[in-house]
Every structure is written in structure tokens, then in C-alpha cells.
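Think of it as A, B, C and D in the order they're written, each chain with its own count starting at 1.
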Amino acid sequence: MNLSQMQALMPLLILSLTAVVLMIQASIKRDQATAWVITAIGLVLTIWGAIYARDFSQTVTILLTVDSWGLFFSSLMALAALVTLLLSRESFADEGQRKEEYYLLLVLSLLGALVLIQSSHMVSLLLGMELMGVALYVMIAFPEKGELPVEAAIKYLVLSACASVILLYGFALLYAATGELSYAGLGAKAGAAYAQNPLLILAGTGMVISGIGFKLSLVPFHMWTPDVYQGAPTPVTGYLATVSKGAVFVALTRMYLDGQLYQYPSLINALVVIAIASMLIGNLLALQQNNIKRLLAYSSIAHLGYLLVVLIALTGKGLASDAVTYYLTAYVLTSLAAFAVIARVSGEDATQCQISAYEGLFWRDKVQAICLTVALLSLAGIPLTAGFIGKFYVITVGVQSSLWALLAAVVVGSAIAIYYYLRIIFAMSKVPADAVEHQAYPGRVLALFLTLLVFALGSWPEPFINYATGL
Amino acid sequence: MDGLNIPLSHILLVSSLLFAVGMLGLMMRRNIIFILMSLEVMLNSTALAFVAAGAHWGQPDGQIVFMLILSVAAAEVAVGLGLVLQIQRRFKSLDMDNANRMQG
Amino acid sequence: MRQLIGLIPLIPLLSSVCLMLLGSRLPRLWIGLLGVGSVGLAALLTGLTAVDFLANPEPFQLTLWVWMQVGNFAPGVAFYFDGLTLVMMSVITGVGFLIHLFSTEFMEEDKSYARYFAYLNMFVAAMLILVMADNLLLLYLGWEGVGVCSYLLVGFWYQNSANGQAARKAFIVTRIGDTAMALGLFLLFSELGTLNIQALGVAANETWQVGDKLPLIACLLLLAGAVGKSAQLPLHTWLPDAMAGPTPVSALIHAATMVTAGVYLIARTHELYLLAPIAMIAVALVGLTTSLMAAFTALTQRDIKRILAYSTISQIGYMFLALGVGAWSAGVFHLMTHAFFKALLFLGSGAIIHCLHHEHDIFKMGGLRTRMPVTFWSFMIGSAALAALPMTSGFFSKDQILLQAYQVDGIGPWLWLGGLLGALLTAIYSFRLVFVVFFGKANTEPDRDTGWRMALPLSLLCALALFGGWIMLPVAEVFPVASGLHPAHWVEYVSIAVPVVGVVIAYLVFYSGQLPVDGLLNRPSMQSLQRFWHSGWGLDALYDRLFVRPYYALAALLKGEPVDAVYGLIVAINQTLNGWLAEGQSGQMRRYLISMVFGLIVVLAILLGVF
Amino acid sequence: MLMINLILILLIGGLLAMLSQRYGSHVPRMVALAVVLLDLVYLLLALSGMPELTGLQAPVPGDPQTWLMHYRAEWIPAFGISFEFALDGISLLMVLLTLVLGVVAVSSSWTDVNIKQGFFEANLLWTLAGVLGVFMALDLFLFFLFWEVMLIPMYFLIAIWGHEQRAYAAMKFFIFTQASGLLMLVSVLTLATIHQSNTGIWSFSYFDLLNTQMAAQTAYWLMLGFFVAFVVKLPGFPFHTWLPDAHTQAPTAGSVILAGVLLKTGAYGLIRFAVPLFPEASMEFAPIALWLGAAGVVYGAVLAFAQTDFKRLVAYSSVSHMGFVLLGVYAWNQLALQGAVMQMVAHGFSTAALFMIAGSLQERLHTRDMCEMGGLWHNMPRMGAVAMFFIVASLGLPGLGNFVAEFLVLLGLFQVDPWLTMIAALGLITGAAYSLLLMQRSFQGEPNISRQLNDFGTREMLTMALMMVALIGLGLYPQPVLDMAQPVLNGLLQFSATVVGGQL
């Protein structure tokens, strides 16, 4: 383990350090304000670290590959965590003073996510996923009163544990078949192993896909999503939607490429089925949903479906991998923007999550309303927003590898999706009968900042596209 | 120890049976405690598979993963039991079928 | 001088626009002056042009501008002037002027005096354009223009929605014909590559042989247009209802000018018809049947204006007959004379209605001879001309038609016989009118006799109706000359005698009552026959069943927008699916687990190639 | 640059209008009016500066240099996407129409907007901006962008200031156009991808994508993608059902823009993209399209006849009229195409005016139900006369614009398919039926004397006069319009002829 490797691992080290500092601080004097500041600094440093480490891209041991692609996502996830942190500050204002643990958990779960992003080995994947997950369970259950958080947490715990086990068993089978645990080795040996004993390989990959499918909440492993989204405190929901899913998808992409999973047509078929099901069922589920958090949960199912289209077309560097980068980024930023507004408008009050609570928002708080509108339009894939360029990528990739069935699903799904996104926008634009009292929500700056990112990414994508291709 | 060299397939069979048992338990039991136990069973089935595979290839990796699994299981259960207390406090029962406040 | 003919339609148009824009602000006198003066001026110019033209009868053409040019389709806003045009123009402006003058008194009390004259002037302008157009597209403009004006004037008293109904009926029924005519235009252009009437004649003769199919189709389509405008079978049903308009309007539009546009059209395009003998026969037959049908109907009507309306239809039938047998000039001649005496009759009836506070039923009148002498005499003369009593204007024109019809080889005599029957009926119903209205005992008191603004036009028209027959039409070189030889003398005598007989019958039946027909008429069979005639041979009811009601039914059927139902279905499907899926989200963890396991099994199944 | 300025002026103007709200609720409309007029004047000045405007030379579809104006700036080089705007006769016509009707729209909503005036005018201007973009963008990506984006302000116009069922109507409008737009997006991207695989370079430029080589089958499907998107917007049978609801529920200005301008984007798209990009496929498809057009003409007329809601009737009349455009485009010969272009302009004016009348009626009577009207001529003679004018215009009275359009279309269609022409000609009769019914039900009949209604004022009369003059001009001397479109259409005809070797 030489110095340059240490430098390569900079973000991870910084995060771990932050965690340690937090613990020490807590043991010295419990004060959530300080803890908050420490976490904030830690996250900012992590972003810096991610940029810093780019010059030292390399594989660190067999477990981790540090490359600019992963580092980009590391910084993105750190950014997401930072947003979560900012949102959390107000969110639990009424939660008494015992919040340091929350920040600690946030840091730890981000650490897990970063490991996951850079993992090149089943073990690191497992560690990252579990670290991220276990911390997340607690974050979900963190609010002290109300039944929903705990219910959400326990459901998430049991189900995701089950998913992890399935994943693990898949690994076990692959290991049994090839004797390799690293993606690369797997990819190298799988071919031969497949030749002599396809059963193990296929069953293994199948279980791996199912396990990961759960984390990505793809149909039919999606059913936990709405409940957890709804039960979890809104900032955590945002975190779950962005960091956890994003990191897992990055990991999946790595595995898919390095493990050369694209060479099994039957696997592709399975993915196609899952993708189509996710796009259609996800959108259909959201159609008449009145709880905005559940609605976004369902829409996230559909969006992961769109992403899967790109994954299916993926066979190495090229347009498809750019598509993954772009779509994921766009999706993360858009979701963050949306949740930034929802966290303010709905807070932790379950009743405020109903769409009806958003009626007339335009006239109550223009900024928040416009931010949410842009976010929703971006999710719907309307031009000038990041979401549109994302859709542009998806369709182009689909066309290039002529995945017509999937494209049909994309079109149908998006058509359905327009309806429920518009329902929210319409509610916001409703003019209330009585005179509107202005009711400014905090945190406009944050929402505005994210919205601007979404808008910029959609209306001037050239720089980012070049950057993404450079990764 | 050439007396007993059980072919990998047999062990995988056993482990998969264990896995199935755990999964059935997961689907059938309503009490959260038993659900967590079923999870343990499944985890162990995977552990067994890893160990066997490691032995098959004569690598240490299998056992290492086994230990990792143990720790993961510990973590999961620790959090799980913590939540069980909360559930008991807030739902006044451990029957997971009652925990369906969120629907639709 | 000749460049000035552009002004002739322009003047009424301008005054009409003026009246529309600031009519409400002008005093009545000014409105009257503007309305009448503009037409008068137009008439004056026409007169001057006529003098100039008759001096050296040389047809000429005046292009104002190219209307639209797309490829070789370049109809101009251009006028063509020849004898036929001259005749039509003089009728329109001359009779039109008199009727305008008449109107100033007739419409005195009406609130929307200005609107009335605006419409009327616009009509004159449109009609002039119709007859002056040198290409069929511009003609079509005038054609539709007069249609709209007629719509506006029939529905002039819009407060009573019955009038609105009548107006719409008038427009839509004629629109059917117009559409056919438009198709004819398409055909002509795509076959001959021009719509200029003169050029069409030439091109048609070059490209087509007599008896070809295309000219036949084209002529039939044009005929459909003419039939619509001129209220011939089967599209005549609008005209009787159109009597809802003010009476001078009926006189001008629905007797003297617009309804004869069809005749003008066929006469104008006679070169095409000469190439399609079958079309000619069709024209003749349409004309004859219409004239008989209308004559029978006129016999049984009680409403003075409806009687005149049906008689108009019947007289135009005569003109069609004339055209059909190739008696072009005779047809146009009858057009002119008919314009004189029918305008006279309508104005007369207008005077009666005006003075009898809007009484229409002839059996509620009677004995007006002494009280309204001017009207009486004008009616006398008018009816005489209508019945074609010798030496009246109507006599000359109708006589020519009958004689030439007789000469058509083959069906000629039969046409002649039909014409005679028509003439007989005409005489009967026209004098029935006279006797019932002006003789016998008075039923209602007129509050006054006509003022000079009514009397003057009446008397002038009387003169024309009497002596109009002596006018020589300058249409010699427009039409091919009809065969000069004369049929046997007895034919002439019969044609002269028949109307007289008719008048005698009318006298016996409706005046002296020496010929008791009541017994005959009261037979149930005759009753129903009368009812049948009275209803205009039941055609209105028939069309109502065949077209109007089905159309309403169709509209009612489609109102629910069946197409939208499809999209509604899609929405419904989505919603039900959503419902089912939402059911699945029961919040029970075990279900979620089951779906996971199910998914796992499916994935494995696919991977292991089970399906 | 000019073209971008045109759009920017409107965008910025919209912002100003929104901000100007705070200076009083009557300020925004003045700002809006000023902005649109400024745009119009700016364009006219710029044009007067161009000597070669007259005749507009002969723009070759494939060669931007021959066009009146052409502007191109890199936007997303990675995909060969650029800000490419170009102007030829037809686009210029449409742009002028848009701006003129923009003025009309602002004027038509002068008094009847009573909430959020600022935001209202802003949306109005932004819609106009989007439409201008659609008419001038020649980069397919950019075109699609404007195509989608212009819907959002329109959506707000309907959703916020609409009538009873605005939610339903706005949603329907948006989903129809978006869903069809997705199909077009797929087609555009597929086309670009094919071009990329043929030539190795990414480009979305119209001029590059013209005569892209591809399999006939593929071309057919792509053409369908475009066709559906455009026909939904046109709207053509059987994709028209969003229109009656949208028109009926939209505020007056919304209806004016929607009917006057937005529908034309569909027609424009057909002429500019659907046919030239896929000539063979279009030729193969033409018969079906023609039948759809004829069906639209008749169906729209019959349904218009069935309505009792003033605006709904006019809406269906639009369906009928735009059917003629579809016929004109797919008859694809000079006469018919000229007719189609003519119809786009004439229908813009006549229908806009009718919607404005409907709006003022609703403002005064608070109903659109014609059963509650009748005899309004007595109360409002001026409005009655104006209504009469536009009704006879819309039933195609010779001497007014719509007649020239419909006559040319049918004349051109007759060369292609006489029998279909007969069916379409039924539209003339049925058209008369519903138009006169409209007049009868609303303005004629037993007047309600007790009603106290104020007649059209100077502002309304001026606006109406503007459109009347326009229609009369188009009807009696359509040559300027025809001349503007002529070279473009010739170019297109030659182009398609060279590709498919003959008539469509």
C-alpha cells in the first residue's frame, strides 16, 4: 500500500476520518451544531478529495478500482449527501438535541456508497452495500415519534437483507463455478466455466441481478419502494433515491462490463423483461397516486427502467456508457431538486405530502414552485431540462442497438408519466378562491441552485457531455 | 482426509435447501423475530456455499467471505433487534401483518 | 366609355359599403338617395354603354387585375361585354332601379332602413359581376355573392326565426347546386386548362366531339348549379319559402334577376351544351316538368306571394325549355319580359300587402279594383302578360318558345303540348288571382292607396310589360341563329288561342261562377290531389325525410364524439390497471417478499431458458 | 441573428410583462402589446431592408444559401446539434401571421383576464416565441425543442385562465401533443442515427438530413412518426378530439393563438418535414392521408352542426377547415399546396375572429350555450354584422380568403382524385349548414329586449377591422401571399420529383 494508492483513496480516507472525528466529538461534548459543521466540512473535503484523486487513478488492491468515472460519481454522491445534510438541519428541528448519530450514520452510509462505486470485487461490493444499507436503516427509523418511520425501516431491513442474501448466494454460485471473486477474473473465466457448467453461471448471474434489482427497485422487486419513500424522513428519502440507487447502479455497470455479463443472451432477455415491466408498471402505479413521496417512488421505478435500457445496450466504452453517466447525473440532480422542495413544503408532516397540499404553491412561494415544476418537467423529459437530454440519450442508444420493444415501452411509459407529473403542476398552478397569503419556505437558495444545475445541464449540455466522454 | 471428499454439488444442494427453507420461513412467518431468524438461516446457507466453493478451489477466499458474512449478519440483526424494540413499543405487537400503515 | 363599365358594379358596391359603415348615422332621406341613386347611376351608365355598344356592336373585354395566378391557372377580375351582357345589365339596373325606388316607400317604417339598402345595393353589385364576368370563377363569385345577399334579405326580419329558417334553406339548397357547379369548374379547368368563357368555347370545340362524355358531365354539373339557383326541379323548394323576405326583394331577387342567373349561365356556356345534346334534352325536360309542376301548385295556393313564387318557377321552366330546344335568344327574351311583368306583379302584390297591413291570403282580399286602381291596372296588365295574351310582352316570348319547341325533331310536338298545357294553367291561375283579389266583395279595407314612389315604378313597369315585346335583343351574334322555317299555321293559332281559353275558364270559375267546380273539387280524390299540389308535390316532405332528418339524426348520433370514446377506453384501461397494481401495494411485507421470490423465479426461469 | 432577436424580444418581453404586474394590473397588457408590435415592426423594418425579398428567389430545399435568411451556430457539437434558423417564403408567411395574430390575441384578452394578468401576458408572449421558433428552426433537435416547449405556456394559459373544465382540457391537450411528440422524437433520433451510420458524422440539420438513404420500410415508419405528431397538432381526423375541449376551455386569447397559429405548426411541419424528408414513403402514404383529410372535412362539419356551445362549434369548424390543409398537402401539386398555404393564413384570421367574438359573448352573457342566445343582433348590431362577415368568410364566400384556399385545394385535388374531391366538396355544403346555424342561433331569432349589452367598442372594432381587411385582401388579391409561397413550393415539388420521379 504505497502513497499514491493512499492518495487514490483520498475520498474514502477523508470520510472515514470525518466519521472518527464525529465519534470523538460526540464522546467529548454532545453538540449537534458542531457535529453538523464537522460533517459539512467532511463532505466538502470529500468532494475535493474526489477531484484530487483523479490524478492517481489506479486499481488499489484487488478490491477497488479508482478511476475518474468512479470518482466523478463519488463527488456527485458526496454532493447529494451534502444536500441531504442541508435539508436535514431543518427537518428534525423538533427532534430534540440527539442528532449527532444521524450525521455519523450519514457519513458512514456515504462511505459505503463510495466503496460500492469503486468496488471491483464481490467482497468490496458486499461491504459497501451493507455499510450503506445498515446505516440507512437507522437513518430511516431516526424520527422518534410516528409509526411510519419504524415500519418503513423494518420493511426495508428485512427485504433488503433478503435481497443481499440472494445476491450473496448468486456470488457463491459464481464463485463455485469459476473460483473467482473479482469481476475481471469472473469475466475472464466465466466463458470457459459456462461451457462446462452453464447452470451455475446462469443461476448465479440471475440471483445477482435479482439482488441488485431489489436495490434499484426494479419490477418485480420494487414493492418496498413506496412504503420506504413515504415512511422515511424526506431528506433520507432523497438520499435513498439518489445515493443508494445511484451507487448501486454504478456498481452494477462495473460488474456488467468487467464481468462481461453482456455476453449471455438469456441474461439480456431477463433484463429486457425487467426493464419493460419497470417502465410500464412503475408509471402505471404512479398514475393516480396522491402522496407525492409515493408518487416519486413509483416514478423512480420507471426511471431505473429507462436506465436499464441503456445498460442493456452497454458493451463497453461508447455512447452507451456516456448515456449511463449522463442519465444518472441528470436523475440524481433532478431528484435532489425535487426533494429539496418537498422537504421544505411537506416537512415531516404526513398530511402535507398529499398533492392537495401543493395547491396554489405558485402564488404562495414562486421560487419553490418553479423549482419543483422544472424538476418535474425534467423527470417527464421535457426539453431544456436535464431529463430531456437523458431521454435523448436513452432513445438514441436504444435506436443504435435497435431495441425497438424497449423503445416502445419508453414511449408508452413517458406518455403515461406526463399525466401524473402534470397533476402536480396543475395543483400548484391552481388559483385559490380566497386571497393568497404569501408563505415563504426556507432553503430557496439550495432548491434554486439545484434547479439551475438541472436547467443548465439540459440547455447547455455540451461541456458536461465532453466531460463525461472524457471519463 | 481423502476419506470424505464430498462433491461440491452435494454441498451446494444442501445449502440451496437451507436457502429455500429460510426463504419459506421468511414468507410464512408473521412474527418479526422468526423472520429475522429465517434471514440468519439464509445467510448461513450462503456462508456454507462459499466455504464449500472455497474448499473446492482450494482458496482461502471462501472462508474470508464466510467471516464477512458473519459480521454482516451480526450488523443486520443488531439493527433489526433495535427496530424490534421500537416496533413492540409503537405497534404493541410483533406481528408484521399488522404493520401495514402505508398502502396504495 | 367602355372602360367605364368597371364602374357599373363598383358604384352600388361602394354605396352599400358606405351604408354599412355609417348607415345608422345617416338621415333616412340620405340613405334613400344613396341607395336608389347608386343604382340609378349604374342604370344611367348602362344606358350610355348600350348606346355606345349598339352604335358598333363589337364585344369587348376589360381586365382590371389578375385575381390569382398559380401556374397556368390565372383567372382575372375581368369583364366581358356583349349583347347578352347588355340585356342582363339593363334588366338588372333598370328593373333594379325601379324596385329600389319602390322600396323607399315600402320600407319607410322599417327601423333598419339602411341595412336594407346596403344589402340590396350589394345584391345589385354582385348580380352585375355575375353577368359581366369573363371567366367562370369570377362568375362564381357573383353567383355566391347574390346567394349570400338573397340569404341576408330573405332573413332580413331576423326577429322572426321562421324567416331565418327560410333564409338558411334558400342558401343551403342553392349551395348544393353551387357545389356541383364548382365541380364542373374543376372538371373544365383540368380538361381544358382555362376558365375564361370565350376560351372555353374555343377549346371545347377543339378538344371534344359532339356527344362526348366529358362535355356531357360538365354540362350536367353546370346544369345542377343552374337548377339550384333558378329553383328548378329538384332544387326548387327554397323559392316559395324565400317569400319570407320583403316583397320588393322578392320582386328583384326572386323574380327578375337572381333566379334567372341559371338561364344566363346556360345561355352563356351554350357552346358547351351544343357539344352535349343529351344535356340539352335534360335541360328541356327539367324546364318542362318544372313549369307544369309549379303551374299546378300555383293553382291551389292561397298566399298571394306563394302563387307568384310558383308562377316564377314555372316561367323559368319555360326559359329552360327554350334553352333546351336551342331557342337561346327566345329564352333570354322571355327572361327579360318575365323580369318586367313578374316584377310588376310582385310590386303590385307588395302594394296590396303594404296597404292591407300585411295580409297575404287572397281569399281575405277582394274588391280592391275600385279602392286601389293603380295596383289593379298594373295587376291586370301583369297577369295578361304572364298569361301571354296576344300583343303583351309575354305573348311574343312565350310564343317563340313554343314554336321552336315544336320544331325539335322527335320529341318536339310533345314538348309543345306540354308547353301549351302550362300556358293554359298559367292563364287560369293568374286570372284566378286577379278575379279573386280585385273583384267580388271586399273583405278587408286598405288604409290607403299607393303613394307616388310606388305608383311610378308600377306604371313604368306596366309600360314595359305591355310593349316590352317589341324590343329587339342585340344578341344576334351571341347565339347561333335558330332555324328560320315556320311550322304549320294551325300550330301558331293554337298557341295563341290556348291562353285566351284559360282566361275564359278562370272567368267562368272564379268570377261569374257559371262553371260550378266546387262539387268536383270537394271529391275526396280531388281534395287529396289538391293537397298534393298545394304541398308542392310533396317534395318538401320527401327531402325532409330523405336528407334533413337523417342529417340531424347523424349529427345527434355523432355529437357524443365516438372517436373520443376510443381514447376514453385507453384511459379507462390505464386506470383499471393502476387500480389493480395499487391493490397489490397492500403494505404487508410478506406480499412484497412473495413478489420478490416470484421475480427471482421468473428471472431464473428466463435465464435457464424455460421460456 | 434577426431571427433569434425576434424570439428573444418575445421571451424578454414576457418577463417584463410579468414583472410589470406590480405597477398595476392593467400595465402588463400594454407591455405585451408594445412587445408584440415592437417585434412586428422590427421584422418589417428588417425585411424592407432586403431588396431580394420580392420574389424571394428560388430556395432550394437542400441548400440554405438560397434561402432568404440562414443562421447557424454550434450548440451541442457532440451530436452535431446547432442553433440553425432559416427563413423562406412559407416560414416568413407563418411568422408574419403569428405576430399579427399575436397583436389580435393581446387585444382580445384586454379586459377579460382578471387574475395574474402579468403571468398571463407572459405565457402569451412565450407561446408566441415558441411558435416563432417552430417556424424558423431548421435543426430538427431545435425544432423539436420549440415544438415541445411552446406547449408549456399554452398549458398554463388553459389550466389557469380557462373555463369550467380547464383541468381536463389542458391535460388532454398536453398529453395528446406530448405523446405524439415522443413518436416524432424517436423518428428524429432514428433519422439522425441513420445519417450518422451512413456518413459517420452526427447532424440534426434539415439540410443534411434531406435525402438520407434508408430502407423503404424504415422510411415509412419514420414518416409515420412525424405524420402523427403533425396531424395531432393539425388536427386531423381521428386525432382531433383534444381540440374541441382545448378550444372550448381556453381563454379567448388562448383560443385565438391555438386556432390561429398553433394548428398551423402542424400543417407547416407536414409541408416542411414530413413530406420532403421521406418523399417515397409519403407518396406511398398519400392516399391514406387524403382519405383522412376528406374524413376530417366532413366529420368536422357534421359535428360542428351538432354543437350547441358556440366555441365548440367553431372548434369543430377548425377540424373541418384543417382537413382541407391535409388534402392540399398530400395532393402535393402546385394548386393544392398553394391552397393549403392560403388556408393556413385565411383560417388563421377567420377562426381567430370567431373565437374573439365567442370570447366577447362569454364576457357579456357569461355563457357559451347558444340556446341561451338569440336575437343578439338587436342588442349588438355591430357585433352581429362582424360575426356575419366572418361566418360567411368561414363558409367560403368568394372574394374572401378562405374561398381562394378551399377552391385551390379542391382544384388541385381534382387533378389527383376526382371522387375524393366530390366527398371533400360536401364540406362546402355542410359548412354552410353549420355556419348559418351558428348565426341563426346566436344573433338572429327572437331578441331578448330586456338584455342590456354593450356593443363592440373601438378597440374590438379596430381589431376586427384589421382581420376583415386581411381576409378581403386575401380574397381579392391573394397574389402577394401566393408569390411568397410559390418559389418554395416549386422547390419542394422539384425536389420530391427528382427523388421519387414524379407526382406524389
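Quick note on the criterion: a residue touches a chain if its C-beta (ideal position, glycine included) is under 8 Å from a C-beta of that chain, and two chains touch if they have at least 3 such contacts.
Keep in mind that what you see is a predicted model, and the values were worked out from it rather than measured.
Participant: By the contact definition above, name the pair with the higher C-beta contact count: C-D or B-C.
Facilitator: It is C-D, judged by the count of C-beta pairs in contact.
Participant: At what distance in angstrom does the C-alpha mean of chain D lie from that of chain C?
Facilitator: That gives a centre separation of 38 Å.
Participant: Taking the mean of the CA coordinates per chain, how far is chain B from chain C in Å?
Facilitator: Comparing mean C-alpha positions, chain C is 96 Å from chain B.
Participant: Centroid of chain A to centroid of chain B, CA atoms only: how many Å?
Facilitator: Comparing mean C-alpha positions, chain B is 26 Å from chain A.
Participant: Measuring from the mean C-alpha position of chain B to the mean C-alpha position of chain D, what distance in angstrom results?
Facilitator: 65
Participant: List, in ascending order, every residue of chain A touching at least 2 other chains.
Facilitator: Within chain A, residues 154-155, 158, 162, 226-227, 289 contact more than one other chain.
Participant: Residues of chain D touching 2+ other chains?
Facilitator: Residues of chain D touching two or more partner chains: there are none.
Participant: Would you please write down the residue numbers of chain B that are in contact with two or more other chains?
Facilitator: 23, 26, 96, 99-102, 104
Participant: Using the contact rule from the top, write out all pairs of chains that touch.
Facilitator: A-B, A-C, A-D, B-C, C-D
Participant: Provide the residue numbers of chain C that touch chain D in the complex, in ascending order.
Facilitator: Residue list for chain C touching chain D: 20, 24, 65-71, 73, 77, 137, 140-141, 143-145, 148, 151-152, 155, 158-161, 164-165, 167-168, 171-172, 175-176, 178-179, 182-183, 185-187, 189-190, 551, 554-556, 558-559, 561, 563-564, 566-567.
Participant: Going by the contact rule set out above, which residues of chain B touch chain A in the complex?
Facilitator: Chain B residues touching chain A: 8, 12, 15-16, 19, 22-23, 26, 32, 35-36, 39, 42-43, 45-46, 49-50, 52-54, 56-57, 59, 61-62, 64-65, 68-69, 72, 75-76, 79-80, 82-84, 86-87, 90-91, 96, 99-102, 104.
Participant: Going by the contact rule at the top, pick out the chain A residues touching chain B in the complex.
Facilitator: 122-123, 126-127, 130, 134, 137-138, 141, 147-148, 150-155, 157-158, 161-162, 164-165, 168-169, 171-173, 175-176, 179, 181, 226-227, 230-231, 289, 291, 294
Participant: Hey, which residues of chain C end up touching chain A in the complex?
Facilitator: Residues of chain C touching chain A: 574-575, 577-579, 581-582, 584-585, 587, 589, 591-593, 595-596, 598-600, 602-604, 606-609.
Participant: Which of the residues in chain C end up touching chain B in this complex?
Facilitator: It is residues 582, 585-590, 593-594, 597 of chain C that touch chain B.
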